[in-house]
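The two complexes that follow have subunit A in common; it is paired with subunit B in the first and with subunit C in the second.
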Partner chain A sequence: MRHGKYPFVIGFLVVPVLLYAVFVISPYVQAFYYAFTDWHGIAAHPKLVGFANFTKLFHDSVFWKAAEHNIMLLLALPLITIAIALFLAFMLNVGGGSRGGTRSGVWGSKFYRVVFFLPQVLSLAIIAVLFQEILRPDNSGAINSIVHALGFSNIGFLTNPTLSMWTIIGVLVWQAVGFYVVLFSAGMSSIPGDIYEAAEMDGASRIVLFFRVTLPLLFDTIQVAWVYLGIAAFDAFALVNILTVDNGGPDGATTVLANEIYRDAFVYSRFGYASAMGVVLFFLTLTFAVLTLRLSRRESIEY
Partner chain B sequence: MTINTRDSSTKASAARPAVVPAKKKRKSEVGVLSSFGHVALLIWAILVLGPMLWTLLASFKNNTEIFGSAWALPHHLRWGNYARAWNKAHLGTYFFNSVIVVALSTFGTMLFGSMAAYVLARYKFIGNRFIYYLFLAGLAFPVFLALSPLFFVVKNLGTVPLIGQFITLNTRGGLVLVYIAYSLPFTVFFLSAFFKTLPTSVAEAAMIDGASHTKLFFRVMLPMAKPGLISIGIFNIIGQWAQYNIPVVLMSDTTDKSKWVLTQGIADISTQAGYQSDWAALFAALVLAILPMILVYAVFQRQIQSGLTAGAVK
Partner chain C sequence: MSLSPENPGTAQIAKPDLNRRTVLKRASALGLLAVPAVGLLEACATSGGSTPSDQSTGGAKSSDNPLGVDPAAGVEVVIFAGGYGDAYATKYHVPLYQKAFPKAKVTESSTQDIQGTLQPRFSGGNPPDVVDNSGTKFMDFGALIQDNQLQDLTDLLNAPSVDDASKTVKDTLVDGTVEVGTYSGKPYVMNYVFTVYGIWYNAKLFQTKGWTVPTTWADFKTLLDKIHAAGITPYGYAGANASYYQYYVLMTSAAKIGGADILKNIDNLEDGAWMDPAVKQSAAAWAEIGAKYSDKAFLGLKHTDVQLKQDQDQVAFYPSGNWLENEQKDSTPPTFNYAMMPVPSVTTSDKLDASSVMAVAGEPFIVAAKGKNPKGGMEYLRRMLSKEGAKDFTTATGSLTSVAHASDGMSLSPGLTSSSDALSKAKSAFYFRFDGWYKDLDTECRAATNELFYQGGTADHFCQRMQAKADAIKKDKSITKFTR
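Right, the complex of A and B next:
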């Protein structure tokens, strides 16, 4: 590495670092500054207001509602998704029982894997529009027409405030499950068959196998899944923005922080206030990541 | 290795007679559980495919049929819905814009991402770690924190002489640059780990043959990194194709939608469908947006699954 290392290194780094500095680093740094100003987007020199935006946030009921929904997503989305995905993956890989000593999945497991993963390649915006039609409150909706035919009264998936947040969670779970089925399947297929065989010989039932063998050996993968889903729970913007009544309604029943940041900045032009909320969102995300890594740290099992 | 396996299998067969009663009991339990499991798998498959099939059905209906009975078949195939979605609802324009933007931004992301990752992974220089962690930090920040300042950064690019008009708000060029910048952290992180695993002997041999650093990268290292490039390439294509937050902020001009991308376009068609009561065109537009993704997925199913899960397994 003698001839001309530095010109080469600089030549290769200059464009990516420049793009990154202009479009990523500088907006983040500015956001932390604007969080302490009353910036409305027009004034050349926004006025510094100290912690005023943050104290206002503290008394803002919409902010608390949005934060509450984010926390709800943070708990429910990973829990439900991982539970369903683990169950389906276990059925795909181990559910078929052992034939001739080798473990086999159920019949058609390849087909299921392809189908389950499908929603993952669709964008959340398209899924939002799709479910807007599926979940229509009248009999023209795909689900409510069935509900009606069964003799029940129609369900206001998006218009009933107590139900609408769960609808959002349901759609997110619908999209996410397939990805984690594939992820957990990969993890399960790398667990040696001998371990299952040995456990079975000791008389372990299928349920015991799942909880005592599969689950502990998949712990690292599940942890990764938890972090991924947790980060996804802090976004959900496309869904709330497109799918829900009045962008986060009815009456704020489905709004999330990302939605409020967008609204404050680009509808009300309160850029300073929106930045302050962004800073809070950042610290929430960071706390979640640190906590997950801290709490779930344990010795991994080598096999 | 072979001896070990044989050893365990003989042990297994030797122990088999002793566990016959337990095994019989287990067999019926397996039967119940596996049929229960099969039903669960089938239900989930229906949950996934049902909404899409229903949309396909609805895309051939007219308004009366759409508001009639939801699961009834259309009387005949109304291809006109598709023509209206593609032309009158501008889906064709949105689709074309998405293809252009994602093609350019994925190419840019791969080129600049691999260049930065390569240099950071294999060259020692002052500031190497600083730049690497700077890229890594980008993974920790929520994009919503950056959106308002980003809007003004891109707006101000319009004042740059000559090229400014091509990279400001409401331009495909601006969107491409922003997509590249926000895709760099993960791409650099993933590829630098990949470049680190490549053997040094090949690089040294090429250097002795008189290859320059640049030639070494494009002729030797990039071809060797092909599996990693494919994984992260698929990851970026799908991620950028699905992007909604950034275009909604940077392409917010509602008077001129000619540069809009597919995701925001579909959301807009959905809103417009309410005003113009052309629901059939909305369903056709949905099918046109979903179908290409399904076709691409059907062909590259294996690569897409491994590409998207690669990040999690690393």
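Right, the complex of A and C next:
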């Protein structure tokens, strides 16, 4: 058997690796090259311009505004999503108290689990279109029709610049929470029941159980969630592009880096400049992931 | 492009970028590999030659074939399937060419994403011969011209027209058509559809209510008050994706107040062009309409939403080009007849008459210089620009072409009649081009217009931010400049 192993393994790998190299790695590498050109998307031989795109980027107020929104997402999205997901997962798995020695969730937890996960099944583009109708600023919007019927003035979820970014965060959290509920549930179910039992015997309340037992034992899973959500915060493209007023408006109030990359490349035909922005985003995302993994490294608890 | 109608019902959905997560895992390794590999991959997305080896050399010239097309050479046509569809090409224009050159094979295809479909073919040296370079995702004209991709259409314009050999093609076009297709002194683009811009209303509703079309600003505001009292939103446009419809009327008012040169100065990025008192006056007048006579919720609506509201008589006035009636034909009830009025005069001392309108040839057709059959491409345009071709287009799309008097004697729909009447009565017609020349300025003007109209902005701020953007574009050496 041993001597046929390598051709066998290579036979399996060669096609996916080739596809990956051609359609994922090579465009990435090319983006690095285009970042140093003035390519408009048509010319066969674009001119090399050195670091001009990057210096221009540094003075571009739209770029900084978009970066600011990405950082806002980076802070808010993981924090809110993980907090809600942890709470829900705890209630679904542990919060119901113990019955016959095994911990269980609150009544109806199986049903809730499906409900929470449902948004994850839909693609972001579909969610954006749905929320367009839910958040419509006139009386035919799903929320505003109620607001209007109650006698209040309509809420401009997407048209009020101070509110619009929070609306985006809200939709992103709504979409993401279900997945992390499932992720944390899996983590919680692998925590041995006797630890809870022992803690309960010592008189720990549910809140103490959560903070002293669940949270520390779930730390690795939370760390993974944080990295995933952080990366998602650097994206948010589909939602911003489809849902918001004027693609990232009103007046740039919701724009993010990925949206500006798209606009520069496909509206302004400045592929070189867009590539430069892509390169910056690439390093931002990379730095974030490395930093998170480094800073949050700690002894994992064996059980 | 701003000169053509938004696609009904199609949101500008872009594919989400889903791969970053998977890439991350390999990213650190890739980062190290990237730089040395760059040189090797230099020509990947931009591969392809610059001189086509198999270009048709043409055939003998004759009175039926003044451009000297090879009668057997095929022609490939790509149409933007937006508000006008592509039936005008498949049903009428392709057969016209086919009839003249039975041996030639004409292939037509259509797309809603011209750039995504065709840009790789242009950069790969294999472009189609004729392209209707329109829609939101059109290819940048400056970039195409910079790379010598466009056929100079001078030969076409100087060729005798199909209907009358004593007239050149140029002679048969509406005034200004050649000019709007001219870049850096050369006619590269043939704009085929003639669009008139104004403010649209329901003629039947106005008749039953006894409302008359205003020509002065005072009358306009009195009428808006009356409409408001009748429980109808007097005026509105869609801020979410069609705010440029509103800046078209804003620019119209500016031109009427201060003369058409105001727009020329703006196009040419003259210093202080946006700070002109006429622009400021126009912005102030429209800011007041927005604050008093509109609904702020429209900022978050798409053009289809607001247009539907108008069809239901929930909105009285809506700014648009004359494609509107055709675009809305499926949702217009029998109690609704589209009619267009010119933008009323803002002051009593306006330089241009109240009848003046903004009118411009749009729907840009180009011929690829590096295609297989550029002569055939020009001949296709020549056939399109015949009286027959133009009439067929009007029949198929309900829109006027830039061929002069082509629709004479045809029975037109009420809205089209109203807008072509407005054009023929207009003492002057004008246009601007900055939105197509400098997309940044278009983006800025959309946001600034929304701010001015729906978010309580001021005229001073509007002018300042537009001027700042125009100055920044003027200073930016990487942006190709145009003048007229």
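By definition in this document, the second predicted complex is superposed on the first by the 283 of 303 C-alpha atoms of A that agree within 3 Å, B and C clash if a C-alpha of one lies under 4 Å from a C-alpha of the other, contacts with A are read in each partner's own complex, and residues count from 1 in each chain.
Methods note: contacts are C-beta pairs under 8 Å (C-beta built on N, C-alpha and C of every residue); 3 or more make two chains touch, one makes a residue touch a chain.
Given the structure is predicted, the values throughout are model-derived calculations rather than measurements.
Partners subunit B and subunit C, brought together by superposition on subunit A, clash. Judged by the touch definition given at the top, the superposed model places A:A83 against neither subunit B nor subunit C. When the two structures are aligned on the shared chain, A:F266 is found in touch with subunit B and with subunit C. When the shared chain is aligned, subunit B and subunit C each come close enough to touch A:G41. Touched residues of subunit A were counted for both subunit B and subunit C, and B has more of them.
When the two complexes are overlaid on their common chain A, residue A:L291 makes contact with neither subunit B nor subunit C. When both complexes are overlaid on chain A, the residue A:V9 reaches subunit B alone and has no touch with subunit C. By the touch criterion defined above, A:P137 lies against subunit C but remains apart from subunit B after alignment on the C-alpha atoms of chain A. Once the two complexes are overlaid on the shared chain, A:G249 sits against subunit C while remaining clear of subunit B.
Look at A:L215: by the touch rule set out above, it reaches neither subunit B nor subunit C.
Using the contact criterion defined above for the overlaid structures, shared-chain residue A:V177 touches subunit B, although it does not reach subunit C.
Once the two complexes are overlaid on chain A, the subunit A residues touched by subunit B in the first and by subunit C in the second are 24-28, 30, 34, 41, 123-125, 129, 138-139, 144, 228, 234-235, 237-238, 241-242, 258, 262, 266, 282, 285-286, 289.
Within the complex, the subunit B residues that touch subunit A are 8-9, 12, 15, 19, 22, 26-27, 29-30, 33-34, 37-38, 40-41, 44-45, 47-52, 54-55, 58, 66-71, 112-113, 115-116, 118-120, 123, 125, 131, 134-135, 138, 140-142, 144-154, 177-178, 180-182, 184-185, 188, 207, 212-214, 217, 238, 241-245, 248-249, 252, 262-264, 266-267, 269-270, 279, 282-283, 286, 289-290, 293-294, 296-298, 301, 304-305, 308-309, 312-313. Across the complex, subunit A meets subunit B through its residues 1, 3-6, 8-9, 11-13, 15-17, 19-20, 22-28, 30-31, 34, 41, 84, 87-88, 90-92, 95-97, 101, 106-108, 111-126, 128-134, 138-142, 144-146, 174, 177-179, 182-183, 186, 194, 197, 200-201, 203, 205-207, 221, 224-225, 228, 234-235, 237-238, 241-242, 257-258, 261-262, 265-266, 271, 274-275, 278-279, 281-282, 285-286, 289. Across the complex, subunit C is touched by residues 24-30, 32-34, 38-46, 49, 52, 56, 123-125, 129, 135-139, 144, 154, 156-159, 161, 228, 231, 234-235, 237-238, 241-242, 245-247, 249-252, 258, 262-263, 266-270, 282, 285-286, 289-290 of subunit A.
Contacts from subunit C toward subunit A in the complex involve residues 11-17, 19-24, 26-28, 30-31, 33-35, 37-38, 41-50, 115, 119, 122-123, 125, 137, 139-140, 142-144, 146-147, 149, 239-241, 243, 295-301, 439-440, 443, 446-448, 450-451, 454-455, 478.
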